[in-house]
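Think of it as A, B, C and D in the order they're written, each chain with its own count starting at 1.
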Amino acid sequence: MNLFQFCYGIIHWLVDLVNHLWYWLGDVLPGALGEFFNDVGDLAASHGNISVFAILLEVIVIVIIALINVLNFIWIDRKFMGRMFDFYGPYYVGYRIGGWLQNLADGIKLFVKEIIVPKKADKLGFLLGPIIFVGSSFLALATIPLGTRFGIETSPTDTGVPGSALIAFAFFAIAPFSILISGWSSNNKYSLIGGMRSAAQMMSYEIPLLLTVASVFLIAGSFSFTGIIDAQENIWFAIPLLLGFVVFLVCLVAEVEVQPFDLPEAEAELVEGWTVEYGGMRFGLFMMTSYLRGYIGGALATALFLGGWNGPHIIPEPIWFLIKAYIVFVIIEWARWSLPRVRVDQILNIGWKRLMPLAVVNLMIAATFKTLGWF
Amino acid sequence: MWINMGPQHPMTHGLWNLRIKVDGETIVDAEPEVGYLHRGIEKLCERRTYTQIIPITDRLCYGSSLTWSHLYCLTVEDLMNIEVPPRAEYIRVAAIEMQRIASHLMWLAAYAADLGMLVGFIYAMRDREIFIDLLQALSGSRLTYNYPRIGGVAHDAPPNFVRDSLRACDYMEGKIAEYEKLYDGSKVFMMRNEGVGVLSKEDAMNLGVTGPPLRASGVKYDLRKDQPYSIYPELDFEAVTHPDGDCYARYRVRMEEMRESCKIIRQAVQKMPQGKWRVLAPRIGPEGTGLGRVEDPRGEGMMYIVGNGTQRPYRVKIRSPIFVTVSAAKHMLLGYKVADVVAIMGGLDMCIGETDR
Amino acid sequence: MDKRGAGAPAGAIERAPTTVGENPEERTFKALLEAFPSTLTDFKKLRKGIVRARIERRDLLECCRYLKDKLGFEHISMISAVEYENRFEIVYHITCYGSCLLLELITQTPKDDPTVESVSSVWAGANWQERESYDLMGIKFNNHPNLERILLPKDFMYHPLRKDFKG
Amino acid sequence: MMFRSRDFVKWADGVFEGVFRRSSLGGGLDLLTKDFFNWATRNSIYPLHFGIMCCALEMAVASAPRFDAQRFGIIYRSSPRQCDVLLVNGPVSKKLKPDLKRLYDQMPSPKWVVAMGECAISGGPFYDSYSIVPGVDQFIPVDIYIPGCPARPEALIDGFIKLQKLIKENKRGLFTGK
């Protein structure tokens, strides 16, 4: 009974409800018009139509789960910061639930603010930047299943897209383009420098990231998430490929632009980096998406290294997956709130001189494990 | 390409503008521009009587306002050559050293926030509150104290002032050790600080840099030791220096100075004699000039007052250490990256109130 | 941009050839008197470590260069300008790190032409302080690298610290 | 006459404005969303990270652990585009006046100004200075005045709570502006 069948059932029930109307009309109206409504009823009830809407409902379910997780992440981020910094964090907004409504209030407030487009800014780029940024992040989310039967599937027996991990990383890596576009098009010196820095940072951390992911593919022997996670049945990949897991986390911190590698929006030098000119809902999108990418990063780390939903079955599978994603996110936040920011050239030479060789060494370890036949 | 780190910028703590000429990421030319907070204090002082000027000098440098009003009172006492009772001297020195620790902690908070370490900002702010409470017990206000008077201090120290300050010093020494673990232990902090913004010994002396940046370049010159005023000769402490002269050296000098200040507070508070804490000063100032020189947490603060026999000073000239250190900013910035501007300028502990007067 | 004290020797600070045993005040007093017998007047010891001297406007730059090179006065602390009824007084406070001595050098200029030689070629630290004196009091410093307003906006017409400025 | 998309957008905008303002649809939508939007605007105030003088230190202390402003959802942003409160915390000199006016204009529309400390309210101890504008409200409309020189952190947080009450009182719908 995977997610697809569940959505298929719901849509089927809804369509039956509506078909009573069509068929009634078909009977009442004479001749060709009646025929027409009967055909509409048949078309609606056809398998193809229902499965299309079922997939749509699946996507909505996954997106809603992601948004709830993003709101949770923002709340955890601020509360955890509070605990590390000796103060409460959000407290009075949503008083009885510990300030959880604070980020909801932030989002709605940004939604209501006036939208300002700078006069000399390039209108198209200014508009397109956030859209690509948000779109690519949500697309990366589509292919990550939360459980064996809880992912975006297109048929009752299907277990997800064959190359889902590849697609997830592909979409995950589109973000630098949108940052460059929005940085350049908002016609501001700070955002230009911020945009260029972030592109340089992401490029230099993309390659070690993908090398470690390649080592996981090598051991798991398959490109899709379900294949990888099944391969981690008896032992999580984080244990044999510990070096790979550490390199992956560091690259993830750089990809998601969190504190030690927070350079594009460096508070102190570049006054917010490439989001300087964005106000109102566009800035809200940027802020939400940076946390969404945190969630996707956490999900990828759990799927590849921490054996996604493998765990004692007293807890349902998706909950296992989310618990591990939250733990990875908290580790990233811990680094975020305790380390100072690194300079641009230091970022690049860490990326090229330190992480690249480690990733290659990790690939060799994976190769030796494979040839020894342990995996 | 000229970048304008303009008046409204998180890195500039206060209102000044640093125009940098950048080619790629390295800085080719720098031009600090001050004057956004110029209130014409020297003109205001000429319209006020001697005691009315004390609250104005409090607002010169709001990070360490006690040292400036103390400097003003020293200068006027030199002008009127008034003998300050010993108890007032001891209370003043204890208060000044507490103000020095609070000012260095405020610097540490701003410096850590600039480098991205919000943890440092929060811890330094939290521990500064202890000394702010002590100074509030003394003078009644949090930031601009209006506490020294010409010829002594405004009120006596509260009853358990000695116990509280000893307890604060012990707490602070533990905290400084913790900070050193937090900062020196973090590799990223060292990467951002070592070898950045180097100022050689000759340059520092020639450019008129004073205070922690000068001692960080290896010059052993501390006004409390070399040109002692009030009761510093009777207290034993030593001037802290560091050979390198880069951002890390300035950070190191300030942390050691906080330890020294704790030592001074302990001695001053325990040796505090009983007796009068204030002598009434005449309202009419004599003809002639008065000169005061004090080791401000930011450098060498000086004041030169010319009296002309009326109630109001004829001319008040204030020497601000940061005004001269900023003019030397260009020599520290050339050749470094844009991201280093934050570390270098943060290392100077800018206080714009005293720069623009 | 500003000429960074090109004249000042960047090498090690060599000590002036002075007799041993005398305290620093007498030593500086004797050395200065030998160098500038005519123009240096009214030498007084204010208190321990602080001495005062008056000098003619003509010999100011010479005396500063002598102080810096021969007597080891490396640091200029403060340049203040005071306006009296019939004259301007420019007071230089110069420090010697070695012997912890502060020299208060006072020069006078007539009321109508307040121009003095700029010492920023000797000490680079004096650059901004001279600009500030020009900005607030209107004292012109000859061959100063870029003598313009520093604290007040560029289009400010008056010198606020003058006694006739009531604004 | 080539019909460009920009004209269409302007025309559609005009139509929507007309519909919302004249018909009851706008009023109805306002009735539904006015309280919710106002609650959101009230509870997440982003002041601009802009320190002038001693009140700036008290502003920094207000966000430090002892007087925690984060509890009310107050985060200091550093770009005027993302802030809705301009916190003026020091004397405004004549050299700074044009920059401050530009900063005020750069902020998106539902914005407020808090004058913190005597210097921002009336020039404070420097009222008779030749280079200080005596009071910020000479060139920027000010909503909240916080007394004190420097204003204590508790007073600043009390000022923010008063600002929240002010936002709650003059509630205006998003669609019809009534």
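Going forward, a residue touches a chain if its C-beta (ideal position, glycine included) is under 8 Å from a C-beta of that chain, and two chains touch if they have at least 3 such contacts.
Just so we're clear, the structure is a prediction, and the values are computed from it rather than from any experiment.
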Centre-of-Cα separation between subunit D and subunit C, whole angstrom: 49
Intercentroid distance (Cα basis), subunit D paired with subunit B, Å: 34
Where subunit B touches two or more other chains, by residue: 9-10, 35, 38, 40, 43, 122, 126, 356
Sequence positions of subunit C contacting 2 or more other chains: 152-153, 160, 165
Subunit D residues counted as touching two or more neighbouring chains: 64-65, 78, 95, 130-131
Touch-based graph of the chains, sorted into line, ring, star, complete or other: other
All pairs of touching chains, each written as two labels joined by a dash: A-B, A-D, B-C, B-D, C-D
Subunit B to subunit D touching residues, read off their complex: 6-10, 13-15, 35-41, 43-44, 47, 55-56, 59, 62-63, 65, 106, 109, 121-122, 125-126, 128-129, 142-144, 352-353, 356
Subunit C partner contacts - residues on subunit D that touch it in the complex: 94-95, 130-131
Touch list for subunit A against partner subunit B, complex: 81, 84-87, 189, 193, 259-260, 262-263, 266-269, 271, 337-346
Contact footprint of subunit C on subunit B as seen in their complex: 29, 31, 34-35, 38, 40, 42-43, 202-203, 205-210, 219, 221, 226-227, 291, 293, 300, 302, 304, 306, 314-315, 317, 319, 323-324, 326-328, 330-331, 356-357
Residues of subunit D that touch subunit A when the two form their complex: 36-37, 39-44, 64-65, 68, 70-73, 77-79, 81-82, 84, 106, 108-110, 174
